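Consider the two complexes below, in which chain A is the common component and chain B and chain C are the respective partners.
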Partner chain A sequence: MTSEIIWIQLFNGITLGVIYALMGMGLTLIWSIADLPDFSQGGIYIISAYSAYFAIILLNFSYFFAIPVAIITGMAISVTFERLLYTRLRASPNAALLCAIALFFLLENIAVYLWTPKAKIMPSPTKDMILYFAGIPVSFQRILIIIVGVVLFIVINVFVKKTKIGKAIMATAQDREAAALMGINLEKVYITTWALGGALTAIAAALISPLYAVYPGMGTLPLLKGLVVVILGGMGSFIGALVAGLILGLIETFGSVYISVAYQHGFAFIILLLTLVIRPQGLFGRR
Partner chain B sequence: MRPRRQKIIKLRRKAETKMTAIILVVIVVVAIAAAVYYLQFARKPVKTIKIGYVAPFTGPAAEFGTNGWRGISIALEEINEEGINIGGATYKIEIIRYDDRCEPSEAAAAARRLILEDKVVALLGSHCSSCCMAVAPLCDEYKVPGITIECAADAVTSPGHEYYFRMRPSMGLMAPLITPVIVEKLNPSTVAFIAVDDDYGRSFVESFKTELSKSNVETVYEAYFERGTTDYYPYLTSIKSANPDICFYVGTTPEGALILSQARELDMIPGIKFIGSEEMGEYELVKLAGNETVEDTYAISLWAPNPKIEELAAKVKEKFNAPMHYAIVFGYDALYVLVEAIKKAQSLDPVAIKNALDTIEYDGLEGHIKFEDFEVDGVQYLNQGRWVPYLIVWHNGDKELVG
Partner chain C sequence: MKTIEDRIKTVPPTKLIPLIIFAILMIIVPVFASGYILFVAVLALLYASLAASYDLLFGYTGQLSFCHGAFYGIGAYTAAILTVRFGFTFWEALIPTCLLVGVLATIIGYPALRLRGAYFAVTTFFLAHFIYLILLNEVELTGGPLGFRGINPPEPIGFISFDSLSTYYYLVVVFFIIVVLFLYTLVNSNLGLILISIREDEVLAESMGINTAVYKLLAFVIGAVIAGLAGAFFAHFFRLLHPTTFSWLLSEMVVIITLVGGAGTLIGPIFGAGIVTFLLEFLRFAPELRYVGWAAALIVILIFEPKGLIGLLERVRAQIKKKG
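Take a look at the complex of A and B:
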């Protein structure tokens, strides 16, 4: 293995890590507020990727305008699910979890039904722009993913720490009853949380689609890895999600080259098991 | 009340007589039309030759049946323009086609119906190997010849059926036939393989590895991916560091398009010559990946551009507004080969047609078609064609023949 290969793997690992971190941030937010691992985000990932694809193909949008289309789609579906279903199931977390899993499969199968299982390739100008860093080829799309990931991480952190609604979300995550007693409008908190979650999921989907393909089965692995990121990083921690995402991405890429590519997707779940045994609260979680 | 009711009855009767009159008029008109039609056509009877076509027009393999039918229907039009001369009488072809949805049981039912009810003299089809395996024994049983359009599995003609024929080289014959061309034109000394993890991918790699090792081409990397994989970076970076002269990639077109675009990202093309399996020689790949991505990559293809194929492609474009596809070429050739055999046999007896097929030689669009019985690497084939597949290279979104 030359050092060139190591650098390529490093870049690929960071790109993947950022995508997992974005999924993880959305999931951890919802999980800490509503005590719900929201599986339906996997379905939202699929539908928002398709919405970006069709915005480009049918409406001739440029890639950069297709990303907002995906975000709006993701937020809309996410908030709709919250308003129509999760609100009613707040009393029974198990029912809400089953409902979320059902919604994931429902959206996946709607995609199969409407758009066939055949993979579609999203055209994007940024994918074909190859930059060289000391002879290492990196496409601009991957750099874009890393930039967007870092910017979003900062924005979300500022949002929850500085804005009123952000502080309300954090307060609710710590203690729901106390927050309600302090006069925090819980409904507003729930809607904002799901809107943010849906938006983060949609951004992850829209960013990775040009590199990979758009197809109905695309949501499963990012969803599961997003959940692993939440557990590894620690519930409710954004820095945890980012660090865990990067760890996962790097272990996956280096593991699949140096150990065996057959275990590419297995590493995530080995990490999950190890975390649950050794440090169940996660890297940045509080007991 | 009473007079009113009588009035209603009267009106009703009137309506009834009117209805009877209309029915009578319709019957008379239909009778006259039938008589005219009969007199018109009874005088010059059209002799037809019935040929059956079994193919998947719906279901997962609908793409292949639809394209096969496009080729056959263009050939049919051309042939019927002139007609076929058998013993001084002019015949026209009639094709009866049934959908098998790529299901062996449906294919068998369709073949039985064609042979027993429609009394066809020969069969074309099907496209899926499992369906061909169901149709072939029926051809032997009823002694009606059949030609498959595109089945790839070796077992279709090995050990084979006396009444079932295949024009294209089967999977197991591809590597022995094309490897000398690849070695001659690209002169590689090392090779890498990245293939889909199923029977097709594994047997593809196995047979090419064996054939290439005969020419002292060393295999430096070999890996299999799950169907529907999207991240090929781990495979491609390993290939990049192994730095082979050629790299075979095997799968469906979406998988191929992703492999090529990620290989582009890693700046591996054209340094490493990528050679795709048959699907990568179809325009679907260019549609998915784009002209620039496929530029200077190679593929093994079942058809190569030549003037005759371009003529056919123009007809396909005009008639169906569709791009060229290998199943169109195969369908077109299949009907022509069959018609040649009928002309040669000068008979509509299925057995005579079968005997003519045994010895026919025909310059098809796909290659020189001849059904032979032979043995390769200890495997016996019956009624199998063996024209050499083509090595093509993509240039500006178009295929160019390398060899």
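Take a look at the complex of A and C:
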């Protein structure tokens, strides 16, 4: 019995970890390119979850067609913010950061105003599909999250290593001025980066929503965890984001069982402080 | 050619006139204002102290933090717990409150401020949530979601008792004036110049031999202690504490107040606090829309007038001079 609980927690931890890793991958990409922890991704998380929810409820989309709706919404908002606002604030990192926070604040309160703070349940055919692994029940939604997470991790890595624009993004992350001097189109890099960031955020939101719920306050915790994942994993590192996401997910689920449920969302803060003290460049970061 | 120090020392007397008018206005407010206005005025003064102390870190040192409201909350709860549970008088409780907030700010600030860039902002943003989590969950100490009750007004000094709203108003006015005078001397001292040099160019300041991490930490801790003190005054004024009062919304409001008024001017955030507090009260009928409006206002300010109302005033004045 006890070992069964451990296995269930292990699965929950990995699922949660993959979600944090997805958030972290988008955030680490934007942070390393633009020197900006893009808090507005927290707001994009909320709005894309709602867009998937409304696609299912109002337009009778199936869950699997609602995910692309969320992705398009996330990418569109993310790129709009970059084109409309962040480009104008590139000279001042503090102003860009404030703007990002204000956008998060804005989207969250728009959600409260339009759709009330009440939690909405997102229907999904995969949620109630229970599979048994050696007698351990696991929702297919969790398996889906893990599969999508692994596939996306591979896709992103191939994208930045093999495609031209991907290589341009990596070069810009290392040295913006040098990249621009080498003839890399920075605007294209910025647009692609934010589009990817928005897409990853939206996928995370659309995947986890059926397991929890859709409500205006849903964005804060994944955003915070995503930022901790970036710092723990190391700036600009995808493998770092994946490893850090899994570490955080597992610590949270096991910590909530064996240490304290109330402080489940506080563990990440302790990890953040310890990282800053012991290894500020993160697990996979360069100094 | 005037040096910066000369310019600071020679304050033209005309500049003092608005200050004197402002001071007189503050003193006579309780004479004509109703209880409700006075109540809002106390809140506005506390927010003004918060915003002015935040300006030391953000406006002068150029470091963004998102946890000023959390220090206000810690100050409020610490003072309240000390007076209600441990029998301290309000005045005795102020010292341990300062110490606790200062130590906490040092523990959080030191690792984050050693690093350049946005690490500090992210850490403080998370701290605001972490403190909220503690206030909510340590039910035995803080009362948790039920709130913390039973706080009494400060003990009388001599024959002045602080039971009535108007005497408490004067107490907060005195606190506010001390805070502003302290911050004013600070930003106009050598320390102020060092902080400004960090804001203007941190790398350059460091290469001039300034230990930027220490000075950034100093600005952070001073700001936090003032916020904690303001919190203690809030606790004994409002007499009921609830964790949601000190959620991250409050920290965001402090940032917005500072920017609306004009960061790095000290006077800007103070006026910003007055304007924002009264507007918030007038717009109470539409709570959600209110925050949508503030967020939108913040973005507009960042794009079009990053110096806030003070910047706008200066621009208008320059326009008039050009025409006249």
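One rule holds for everything that comes next: the second predicted complex is superposed on the first by the 286 of 287 C-alpha atoms of A that agree within 3 Å, B and C clash if a C-alpha of one lies under 4 Å from a C-alpha of the other, contacts with A are read in each partner's own complex, and residues count from 1 in each chain.
The rule is simple: a residue touches a chain if its C-beta (ideal position, glycine included) is under 8 Å from a C-beta of that chain, and two chains touch if they have at least 3 such contacts.
Quick caveat: nothing in here was measured; it's all calculated off a predicted structure.
Applying the stated clash criterion after superposition on chain A shows that chain B and chain C can sit side by side. Note on chain A: of its two partners chain C and chain B, the one contacting more of its residues is C.
In the superposition on chain A, contact of A:S256 is made with chain B only, not with chain C.
Judged by the touch definition given at the top, the superposed model places A:I121 against chain B, while chain C stays out of reach.
When both complexes are overlaid on chain A, the residue A:T80 reaches neither chain B nor chain C. When the two complexes are overlaid on their common chain A, residue A:S139 makes contact with chain B while staying clear of chain C.
Once the two complexes are overlaid on the shared chain, A:S62 sits clear of chain B and of chain C alike. In the superposition on chain A, contact of A:T163 is made with neither chain B nor chain C. When the shared chain is aligned, no partner comes close enough to touch A:Q174: not chain B, not chain C.
After superposition on chain A, the vertex angle at the CA centre of chain A, spanning the CA centres of chain B and chain C, is 70 degrees to the nearest 10.
Smallest inter-chain Cα distance, chain B versus chain C, after superposition on the shared chain: 6 Å.
Touching of chain A by both chain B and chain C, each in its own complex, is seen for no residue at all. Residues 31, 35-37, 39, 85, 88-89, 92-95, 97-99, 101-103, 105-106, 109-110, 112-113, 220, 224, 227-228, 231, 262-263, 265-266, 268-269, 272-273, 276-277, 280 of chain A are the ones touching chain C in the complex. On the side of chain C, the complex with chain A involves touching residues 58, 62, 64, 66, 108, 111-112, 114-115, 117-119, 121-123, 125-127, 129-130, 133-134, 137, 248, 252, 255, 259, 288-289, 291-292, 294-296, 298-299, 302-303, 306. Residues of chain B touching chain A in their complex: 223, 225, 228, 230-231, 233-235, 237-238, 240-241, 254-255, 257-258, 261-262, 264-267, 288-290, 292-293. The touching residues of chain A, when paired with chain B in their complex, are 1-2, 4-5, 8-9, 12, 16, 118-121, 123, 127-128, 130, 137-139, 142, 211-213, 215, 217-218, 253, 256-257, 261, 264.
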